[in-house]
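Per-chain numbering from 1; labels A, B and C assigned in written order.
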């Protein structure tokens, strides 16, 4: 594995999942693997659990981490080839990426969707520049349209709790007061289909995700019907793809205990942080079938499995 | 010791002090104790020496540290049970604390008094939520009303320099241009009394501390009288408890060499940073009897003794 | 070596350069040297490559690093002796420096020129206070008028690529849309002359650097004439010394391929970040004779050589 930015970078998904679960059992088994190696973590958007879990993963492998936080104004990068940089941009992306590669053996980067320019977001502009210009491996810490470390942790969690080989997994849209990217939903669909699960996606009309991610899934606009026989219910808000970035409020879509009773005693999943009693009720989140803390815990070992695979392939 | 948030958490005070002094002699003796363990340091208020000394303490024990800085606006936490989180709050405190516990083996947290709502501050709202929700040990890096790591370092310092078993210790209020919390003063009183010292507290009328912390101490409104026979003089500003948070300016209370001469050749103490020539004069701060740098130095070993005790009790 | 703040601190320049190049070959050879030691990095101005390369250097020596970022408003230091600190300043520089020395074995500090007060900048006020007050070694991470870690990396790079003992090195001014400090140019001149190179400095009239740094160099106002027979061309903007801090725009001074053809097939150097097609054209920067990435890479080993020398002299 050279980079880790989407499911396409993963040769053997099942092996990667098993590697994560094995590291969870014995986190320090490979503590010498990353000796003298440095992981650079570049955040153009705020991070809490992604930073902590990835730093912890690196530490468990004996790697050092260097964290760089840039808000949108902090480091004005130029993206245009041939630009005369006589304005606000301070450094060309191709210089920046190559310099970072001088100090880091692996680079992790987070850059969210702006939710203003659909085409630009779906080109994953920032991530693509890093992939193209970097001589060292790139790990996505959530790009404009994907969050693969979250998806890997989610699949590890399903693997731990599933009771049959091809569980029915439902991805259900939920309301939220702010416009959120589609990255977690896109990525979960991509990975759940890649793992061969029976995936149903349910949401109000007008909130269709890109077909790039949903081909192979069943789309069902009736949430209650979608939930029938579900083994896992993954709830997540995303903002509109058509009428890009629009917020759609529909409180009927909040996940409740009543709705969970329609399932096959399904486990509840969410990537956190969660707006309680908006996305799902307290009862659902605190139910013994809720896996949200398991998912958060698995973030460390998902990142560790990815870093280990990259380090070993060097 | 499960948590370290007040003197009440300490089983054997003398043993903890001696542990700190022993670690000062040989800081790296237990460098394998924290191997593979992570200390999370969460700051809702700025920190310089607390962060540095606690990180150094953790490093001396072989622990990794993960630092999170949040100003008051950076991470909008919800505290109310059952809230419908359709507004500004992004994450419920009970989810946040449990998630942090997934990545950290010990959590340190700093959250100052707001100095606006007496009752809320004295309930130590933020710290209490962390204690209640966390499955991993909590260490206070200064709460609304206590600063126990400072107090432990202060007691270690007194222990090093005291010439009799029950020294006379005077805590003297000092002027300051800003409203400061009562945490350092409260905690010093709590710990000095806990150590069995002869504690006199002196301040202008109207600046009484909470009796929760001062019971057992002599209150003396005449500063010069209070200083007689003192072996240690701890100077600190705090803002009013009645008329909560009010700033009281009284330059007569600045500690001077003349006043120090009234004592039993007392040592001068302050937790730093200090407003020179407001809280105390340059001459007092730079006098050979000044212990301010010793106190700062002992912060590392106080934190190290606490972390060591927690790690060993696991 | 006690401190590292200018060429004057270096006893044996050639030995320091060779130490850097040797560490580049085997970065982890001395990983036990810094065990249990802490490097504090204090930034009063933003840093990317200096922080990363210095942290990596410390890690390669087994040292821990503690990073402190303060913008100009974050930590109000008092510099005046005897001041009554009843205003905005929170801590006296002499207390701050001594406290930091309690937690760090070496202190690195960055504080740029303000470009408003020539005299104050050229006194290197902040750095001087650190040197005067600190009991632990001080390393400059770029002061108001010098950037010695950059210069050491630059000399290492020239050393790797030079084909004769006394290469002709040209330091050429370049346009830039903002007022920049003279630190990199001053320091490069100081070190290139110290290494015994044949140094020519070229710039428009009115942009003379301080004679403190340029004595021994040839000053040539005709850029094309200066470039004749050059082996290395170091391009850098600086703002005016007379009419201090003024921005001078002169696009005729941009480094181009045509100008590089006037040289003895010279290598191109710049400290990065670089304003492309303003300071130099894309073709020059991306030419196989461009050493900019080598310079960036050598920053790590320059810092490591300095830290190693300081640690061994203890």
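A few remarks follow.
Note that a residue touches a chain if its C-beta (ideal position, glycine included) is under 8 Å from a C-beta of that chain, and two chains touch if they have at least 3 such contacts.
Just so you know, these numbers come straight off a predicted model, no measurement behind them.
The angle of the rotation carrying subunit A onto subunit C, fitted on C-alpha atoms and rounded to the nearest 5, is 120°. Judged by shared residue numbers over all numbers used at their interface, subunit A and subunit B contact each other through mostly different positions, with under half in common.
Per-chain CA centroids place subunit A at a distance of 40 Å from subunit B.
None of the residues of subunit C touches two or more other chains.
Subunit B contributes residues 27-28, 31, 46, 48-49, 51-53, 55-56, 59-60, 177, 272-278, 282, 285, 292-293, 296-297, 299-300 to its touches with subunit C in the complex. Looking at the complex, you find that subunit B touches subunit A at residues 35-36, 38, 40, 64, 66, 68, 74-75, 78, 81-87, 90-92, 95-96, 98-100, 102-104.
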